[in-house]
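All remarks here apply to the structure that follows.
Letters A, B, C, D and E mark the chains as written, and numbering starts fresh at 1 in each.
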Amino acid sequence: MENHAGVGTGDGGNRMTTIQEVQQAFTTGSDAACIVRNRVEAAVPPARIRGEVARARKDFGFDHLIQISVTDLGATFQLIYHLTGPHRIVLSLAVDVPREKPEAPSMHDIHPPAGIYERQIHDLMGVVFTGHPNLKRIILNEDWPQNEFPLRKDWKPEPDRYYGGVREVL
Amino acid sequence: MARVIVPVGPQHPALKEPVNFRIIAEGETIVGLELDVSYNHRGIEKAAEQRDFTRVVPLLERICGICSHSHGTAFVKGIEEIMAIAVPPRAEYIRTIIAELERIHSHLLWLGVAAHEIGWNTLFMWTWRDREAVQDILEEISGNRVNYGMNIVGGVRRDITPELNKAALDRLPALEAQIAGYVELLKKQETVLLRFQGVGRLTREQALTYGTVGPTARSSGVEYDIRRDDPYCAYAEVPWDVVTDTHGDVYGKTIVRIGELRESVRIVRYCLEHLPEGDITVKAPRNAPTGHALSRYEAPRGELSHYIRTNGTDKADRLDVRTPTLANWTSVAASLVNQNLADIPVIIAAIDPCLSCTSRLTVLNPQRTSSTEMTWEDLRRRARELNRERERC
Amino acid sequence: MSLLGDLISNLFRKPGTVLFPAENLPVPECFRGRIRITEDKCIGCSRCALVCPSQCILMVPDQKEIEVKGRKITRKKRPRVKVLRCIRCGLCEDACPSEAIHLTREFSVSGTVCETEEM
Amino acid sequence: MISENRSLSIMINRGLSQRLASWARVKSPWITIFNSGACNACDIEVIACLTPRFDVERFGILVKGTPRHADILVVTGPVTKKQASRLRRIWEQMPEPKYVIAMGACGAGGGVFRGLYHVMESVSSVIPVDVYIGGCPPRPDEIISGVVTCLNLLKEDLDHGGKAWRTTPASAQATEETV
Amino acid sequence: MDPLLLVLYILLFPGILFLLVYALFLEYVDRKILARMQNRVGPPLLQPLADLVKMLGKEVIDPRGVDRGAFDAAPLLAFASVVTAFLYIPVVGTSPLSFEGDLVLVLYLLTIPTVILFLMGWLSRNVYSTVGGVRAVTQLFIYEVPFFLALLLPAMMAGSWNISTIVQWQQGHLWFAVLQPIGFVIAIIGLQAKLERTPFDIPEAETEIVAGPWTELTGRRLAVLHLAMDISLVVGSGLVAALFLGGPLLPWDLGNAWLNGVAGFLLFLVKTLAILLVLVTFKAATGRIRIDQLNDIGWKYIAGAALIQAAGVLILSAWWVST
């Protein structure tokens, strides 16, 4: 399975990247544990994430953003940018943003679909993406109270509060 | 020419699912639009954190009724990866068979819906008639026509007996003949060509930029198919080809989907004929160890990915679902501008939107090429201007 | 023109319709239909209620002596199912240790009251 | 004498026209589908009812795009908080006499989505429901028999001259009769 | 004609009563054949009647800001105009009401439902209706010119604007469908467009604009307008049958006036049903085209073909006169 990652078709990329190159470029040292099959995982500080995603796209052909996943880890929110490209290696760049100041840079100009993913995360988890042109409500209904983020672990609906739906019963 | 704002949806005959577009049209040409697709948000991701793995699978199957097997498989695949258990080959084959049958039914459904969007109900009736054969196979194997309930962590819940195997194999030749008939039909039918060719075209560069997946990407010449690029289930052992096309328009998407229909029938036949003997489940532990996995799956609409995090209990710590439709939305918004009002349903339908799980909003400014540029305030101002214009004339 | 040929020949062919109330579609062997409870077999273990994803099974107090595999036990509860809310996933069937709850091949469940119950 | 004759003929006429009207209503139920946050499965199965295998046009059932033309509103799925007000509006747009069918386990009480934070309790908490169809999703033939249940209800309502008889409890009716 | 007979003719047969029955029957045949072509069973025989009666009994809703009087009157106007048009169509022999120029009157009356649809679209104050109404009129401008041209060519050749005279002319000569095949095809296409059936159901494209001008109609307004469209089908196919297929007149005399009448009536039924069959096949085999594509096709090809046919007719007539 290991070498399957190199079997890509050369879609869009000028050169074939090997998984070792990616690993060396994004992780500290040759830690074998960060490679599972064709996946490379790396942790990045919030300040550098924009640069790293841009570098992955420019130098290594990671032109497809699979997903931005977000997890509430308690003290921090972990954002993971899952990227792939013509070589079909999956690079997962993890960023921890503090709960008190949940801010991360927006990627909408590097990967256009990120605009949508970020709005979703903003709506459900309350992470603010700086530089996003239109970070508005996207998923929850119009009547949903502000500053309530249902995917946070400590969120519970308050019994008396109105969360949308119909006000008057027939 | 006078500008009108045409609201489409959330309840609209072209869309079987709720979605709302406010389309700003000049005469019959779209100059801008605003999509709101979050009517189906139910809060499944939160619920998945509160239920154990057994109970979560039926819930995830109901994220979307058309790709129910996709969501279930993607989830159990991820959990199995975290638990590091090997699923018996027979179970892998059965999962593949169901997945491909699901793809056939989904693509036939799409073909019918696309024909219905351009008002050709005869083709709609015919494809759905032939789709019933697939539904019968699925119902015989799984006990339900839509929500198959086949998956469980560690394998599948129902076996394919030799009788079922034979019954399924017997139905395939007729299906293949019908699919071949559609190819002929669509190549010759004049109104289909008029309505599909050159409509909602995405170039290869656009397809890459907007991060499209599935048939939408493949119709623009991007060879991106998780079944081959990151094989799961039995796909590595089955002979099949990735179908691509270079048209990029609705016609190209139709060609890709019909090609995939053929490939899917091929895969199903191979799997049914080469079904390995053995168990269909392995005993999975109750709790999953702490870990995380990105489970990618090629749903009928494209790449589906589940990010799963576990914390040592029998419940997932976090389940983050990215549906194929979501990945394709940005490209739809881009390909709609400057198209004809009448083409909206076709273009939207072309990506085969699966809105049940997708809940997004995009605002598009016609003056710029990049999406998500127009704010609500802008739009309000714009609407006021339009109103004033209308009042003046 | 095969399309025209198809259209015209369909005129003279028998339509592909199954005339439902008069004729019946085959219901496959493993079809998951309306839920049934064999009350005599239930040992009141609550496993079905715990596993049900749609929370449609409620355990109600019901003292009764039953015989399981030659042994006599006294159960304290038995399940009540809100039939219309059942999603027919079959998890309760898999979880039940005494085969008391099962999905039948009966599929027609409709009514004017949404709280219809199976006991 | 003349007036009696006249009233008799009016009665006969009314009986006839009412019978004609009730026959027409039962024979021509037009439906409109509203997806209130369903998983699509129910919607597909309703559409499958139209196709050659089941062909509900045999019963005169047509699917209409606009609620203004419809007699029966088929609601699929649990009602999400965002769809609730829209569902109410669609229902209000329908001309009388109107009927509502809630489809699937979700329609009856949320199904698997029961209790999620963005879902209403059931369809009946937003609009009055006449008939429920079980299953997740129901088979097309199940849907057809559900619609038949709805039509029987419609017939009974016509005999009773409205929907009111269903909401008044049986005991109240009985006392009325005895009085 | 005896005044009593004339009243009977207008009210009963082949006047309004027959027209209503036949219109509903044609709708049934239309839906049934379409269903069978799609491999379905289709509706029962009395389905159109049930639909009509049910719609008549439904609640009438006035959308906000709508002029009620106009909204009520417009469908009736459409209904009245098509019924009037039918009285000039030869059903059993020639029409007793016929006069020199009735062809123009019928064509004019047939246009009214489309204009009414446009009006309904504007009156509804609903975006879908408005767009649908505008589309209806745009479409009208596209197909009406070649359609009128095609229908007037038989009149030119027969040398009369009277439908009955044109029918009688064909009794002595050939059918115009043979003499003017292009014109006949255009007439069929134009009829399809006039009745707003696929591929020309652009004004009421369900998946694009819900039901177009029909969207806000309820109850009896919907019923009456629906009936008017059904009647247009009868009138249109009857008109094409009369102008191109020799109408209800037999090529030879059966000797008895009654026998001639019955045979003519049967001929009318057969010919209209045959035209309907063609129309249904057309509907089943095509998808809807876009309005800009229709514009393109309509002006470039259909209008062009109509002009060519007109030129052909002129040459033919000139040759006819000279010999």
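The definition used in the following text is that contacts are C-beta pairs under 8 Å (C-beta built on N, C-alpha and C of every residue); 3 or more make two chains touch, one makes a residue touch a chain.
Nothing here was measured: the structure is a model prediction, and the numbers come from that model.
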Check your understanding: Which chains lie in contact with each of subunit A and subunit C?
Key -> B, D
Review point. Measuring from the mean of all protein Cα atoms shown, which chain centre lies nearest?
Key: B
Check your understanding: Can you name the chain that lies farthest from subunit D, using the mean of each chain's Cα atoms as its centre?
Key -> A
Study note, to complete from the structure: Farthest CA centroid from subunit E: chain A
Practice item. Between subunit B and subunit D, tell me the centre distance in angstrom, where each centre is the average of that chain's C-alpha atoms. Key: 32
Point to revise | Gap in Å, rounded to a whole number, between the CA centres of subunit D and subunit A | key: 45
Review point. How big is the gap, in whole Å, between where the Cα atoms of subunit C centre and where those of subunit D centre?
Key: 24
Study note, to complete from the structure: Multi-chain contacts in subunit C, i.e. residues touching at least two other chains, fall at 3, 7, 15-17, 19, 53, 87-89
**Study point:** Residues of subunit A engaged with two or more neighbouring chains
**Key:** 140-141, 150
Revision key, fill the gap. Residues in subunit E with touches to at least two other chains are numbered 35, 37-42, 206-207, 210, 284-285
Practice item. Chain pairs that touch, all of them, please. Key: A-B, A-D, B-C, B-D, B-E, C-D, C-E, D-E
Point to revise | subunit C to subunit E touching residues, read off their complex | key: 3-4, 7-8, 10-11, 13, 15-17, 19
**Study point:** subunit C - residues contacting subunit B, complex
**Key:** 2-3, 7, 16, 28-32, 51-53, 87-91, 94, 103
Practice item. Write out the stretch or stretches of subunit D touching subunit A in their complex. Key: 79-82, 84-85, 88, 117-118, 120, 125-128
Review point. Which positions of subunit B touch subunit A when the two form their complex?
Key: 38, 41, 43, 45-46, 208-211, 222-224, 229-231, 294, 296, 303, 305, 307, 309, 317-318, 320, 322, 326-327, 329-330, 359-363, 370-376
Practice item. Using the touch rule from the top, collect the residues of subunit E that touch subunit B in their complex. Key: 37-40, 127-128, 130-131, 198-199, 201-202, 205-210, 284-293
